[in-house]
Amino acid sequence: MKKIISSILFLTLLTSTIYGQTGKVFDNLTVTSKILKDERKYAIYLPPDYETSERSYPVLYLLHGAGDDQTGWVQFGEVLHLTDKAIKKGEATPMIIVMPDADTGKRGYFNDISGTWRYEDFFFEELMPHVEQKYRIKSEKRYRAVAGLSMGGGGTFMYALHHPELFSSACPLSAYVGPLTVEQLKSRLDRGEETYKEADLQPYFDRHNALSLIESVSVDDIKSINWFIDCGDDDFLYEGNSLVHIALRKKEIPHEYRVRQGAHNWTYWRESLPVVLSFVSDTFHQH
Amino acid sequence: MKKIISSILFLTLLTSTIYGQTGKVFDNLTVTSKILKDERKYAIYLPPDYETSERSYPVLYLLHGAGDDQTGWVQFGEVLHLTDKAIKKGEATPMIIVMPDADTGKRGYFNDISGTWRYEDFFFEELMPHVEQKYRIKSEKRYRAVAGLSMGGGGTFMYALHHPELFSSACPLSAYVGPLTVEQLKSRLDRGEETYKEADLQPYFDRHNALSLIESVSVDDIKSINWFIDCGDDDFLYEGNSLVHIALRKKEIPHEYRVRQGAHNWTYWRESLPVVLSFVSDTFHQH
Amino acid sequence: MKKIISSILFLTLLTSTIYGQTGKVFDNLTVTSKILKDERKYAIYLPPDYETSERSYPVLYLLHGAGDDQTGWVQFGEVLHLTDKAIKKGEATPMIIVMPDADTGKRGYFNDISGTWRYEDFFFEELMPHVEQKYRIKSEKRYRAVAGLSMGGGGTFMYALHHPELFSSACPLSAYVGPLTVEQLKSRLDRGEETYKEADLQPYFDRHNALSLIESVSVDDIKSINWFIDCGDDDFLYEGNSLVHIALRKKEIPHEYRVRQGAHNWTYWRESLPVVLSFVSDTFHQH
Amino acid sequence: MKKIISSILFLTLLTSTIYGQTGKVFDNLTVTSKILKDERKYAIYLPPDYETSERSYPVLYLLHGAGDDQTGWVQFGEVLHLTDKAIKKGEATPMIIVMPDADTGKRGYFNDISGTWRYEDFFFEELMPHVEQKYRIKSEKRYRAVAGLSMGGGGTFMYALHHPELFSSACPLSAYVGPLTVEQLKSRLDRGEETYKEADLQPYFDRHNALSLIESVSVDDIKSINWFIDCGDDDFLYEGNSLVHIALRKKEIPHEYRVRQGAHNWTYWRESLPVVLSFVSDTFHQH
């Protein structure tokens, strides 16, 4: 009797090993933020073997662009289908993907200049601890990656350059690299009717564009991150990304850089995602 | 022994729920209609990851032709197999497909001329709210599409042109575009022994054929829908579809139009379905 | 020893002629025309086995559009590569393809209204006899086809409808079907500063547009030709082709009609050519 | 004796059966140059159907880099194999490829600053007329393209920008875009012990780097050329190519730009060649 049951169990395990093959996506989860005084939404991708194993996983924070929210990579980016496929083909290792909402309340991934809206603090002090505790996520630098598109590409640059001790790879796609001059920053703030002290402009500028940070952050810290930078030849953000490539080359910081046929749209990013998944997996695999 | 069997059953259910990578079709669901004073049937397709994820999905309303009912696209159209395949190949995004019955009580997708049978009202006021509440369906225009064949192609034209604020894409296949003259309408009503007032004929005609609506609906509204129109070169409905193509071109309204080898039959429509799924997915994807 | 070498040389030449498996294209041939008082150019495609066999072949007259000349189908249409490939795959039977220049002196395939420029007479009285005598071309209706694009699609319609006794298949692609009204004809003539008698307008119109000819030529004659009509959904010539489809359907004249994705360009026509070759081959093969 | 001949016959038949269908490369041809007072070498690729047809062909001038000569693209670039393959697959149209030697006597594609060595004049006044007369090459701008790598990428930029009336497409690969400052030019000349007048420096600089020419040549002229620019992310020539991309985008000049994984080597260029062949074919084809 026992034998029959264990045979059934064995067969069931066998078939679930063979046929267990889709991941799961939840696109309407919440975390309570004291810093932002709100319930904040996020979406998550769990790999196909998440529920049948007890292991912990590397994590990719995947950031949406302006105008989207936490569902953007789910609906337009086909994160479930593309990640399942990449894992099945052996091009990506099973990982958890966290997609936070940076569109509610105020748009963007950073603390504002006056310090009243502190999204970046929320990200590092509340969201990251929340998901790392709620899901079986490995917490070493080696197993943490960040990627994002457009505004989320900017988040990717800044998060990695502000916290090189936390990320082993960073993949800004079609990234807004930040204001290219202090004047650009100023006019953006004025347009948004944000209040600021004149004296804060330069320090805020220095901390929120990739080119300044490449100059100010130590070369060793930047080199401790594996970079994959990608921007279509018809993308309106061509200039910032070209200048970042030049700046990194001049400082001899290794990085992958790609310019493919395409513009600032989801057709481009759906092509980029499998490459990103494979790239961060190489880092997760590295010894 | 019974215990073993029920264990097996449980395990089987568990594994097939978690690991069965196919979508599901239910073809005998019902919704109570106060408007039509009846239980109305519909069929639904849920994508492979519906039960294992908690995200919401775009929706396609897929309309059958005269003589079929809600099971037409399931039995003859192979909606399960073809949609699963298109999703697996990455040519379609996971979506929910709703297939209502327009064959019981009275045939067709519209309110009748006397206002005693109000199917169109049922569709928008009862069926749509019902499925959008019962299933995880996104409710913005961007994520709602309508398609259908023959009489259901007519439903597709009219629903989209009556409610351009609700649909982002519309795919009439081998469509009956409505009566081409008031006389045609009149003789159809007389054949059906429907009672009507003479004065209602012209307004009813104007509202129930695609050519009149293309003239009366604002160009911006019609342009807010992505159109895919398809009719075989041996189809008996060649004239209406050719005239719609000419009318849309003359008003410079972008639309995809196809004439392939074939007649008014399921061989043709089974070839059209994957193209429709890919076309509406492009809209759901933005690019 | 010298003899052996020259034998080898001879055999090498012979075999490379025999086994070099490509057809030949000549794009700068001439025929003397008394009617047009000029040397007229044409291009020709000879099938791979033309020089190694002694058989005769079916012939396809393939007409270029306005602005091109006899080299259009060679350079832009890839007639050599595509025909070789279609023959190799067994989708087309070996045939000779004749591509006349209708761009020199005066543009177009027809006699003009005043009878001073008689291109159509040149085609039937001089070019056809010339190539049928110079090359091993079968001269029965069954083995003669005509196809062409745009202005050459108009030539295809009119040549076939003027001489149904000469062509077994006709394939107008993205065809200019002729002026849709006498006024259109008049304004075209006035624009070109052509002299004409008012009384000649209606008869000339009746003879030079497909829609009038479909009405006036006997149904049996039109049916004696196999028709393949093809025009992209973004082509500016959509109206004439849609109306021809409607007119032929109303007269119950069998014809293949296609509308694919595409506009008035060579990308479209390079996709059409293999279908045309296969279609006319089916006719050549018919018993 | 008979036996030898029949063996030869058999081998000939065998090889012509197997190998009939390839293009031909000659890599040691010469043209007499009065300008350079020398016999100059060049290599040529003729497409598979060159000898069996009598049509004329488009032409691609394909320039080698520093340290190579006219055999570079033949030996290292696999021009025969890759072009045959691209033509066979229908990705390239049959074309003639001319590969001149710019390594003998003095290295480079330009007239020198003192006017004693006039390679550019030789190219346009002697080489081009020679090959266009000796081979069946079409001589309109539409059918002439130029491409090259490294130093030959610089030749590509400058030839196309000096003579926009002659080339319809230009494909600089991993291009040396010229000296980025007058000082760089000066130090290069001094290193090469070239004599020059101080006053000639600025004009020579202005004419021999892509960035200056993009500013001085009319936008319409630059736009009349289809550009394909490609440079690996690990290539040491990253800066000039990035700046050219920025400069062209700022002037809103359409161009294809690619950055793939790779450095300044033949592995990269062998991957680029098929893309170049397809790109110039699109231009030769119109659409």
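Couple of notes before you dig in:
When the chains are written out, they are named A, B, C and D in that same order, and each has its own residue count from 1.
The working rule: a contact is a pair of C-beta atoms (placed from the backbone, for glycine too) under 8 Å apart; a residue touches a chain by one contact, two chains touch by 3 or more.
Keep in mind that this is a model prediction, so the values were computed, not measured.
Steps from chain B to chain D, minimised over paths through touching chains, total 2.
More C-beta pairs touch across one of B-C and A-B than the other; that pair is A-B. In this entry, B-C is the pair from C-D, A-B or B-C that repeats the interface of A-D, since more than half of their contact pairs coincide by residue number. Centre-to-centre spacing of chain C and chain D amounts to 38 Å, using the average Cα coordinate of each chain. A straight line joining the Cα centres of chain A and chain B is 38 Å long. Chain centres here are Cα averages; for chain B and chain C they lie 43 Å apart.
Contact between chains, per the stated criterion, is found for A-B, A-D, B-C, C-D. Those residues of chain A that touch chain B in the shared complex are 1, 4-5, 8-9, 12, 15-16, 19-22, 24-28, 43, 51, 71, 74-76, 78, 80-82, 85, 265-267, 270. Chain D contributes residues 233, 238-239, 242-243, 245-246, 249, 255-261 to its touches with chain A in the complex.
Residues of chain D touching chain C in their complex: 1, 4-5, 8-9, 12-13, 16-17, 20-21, 48-49, 52-56, 58, 87, 90, 93-94, 138, 143, 284-287.
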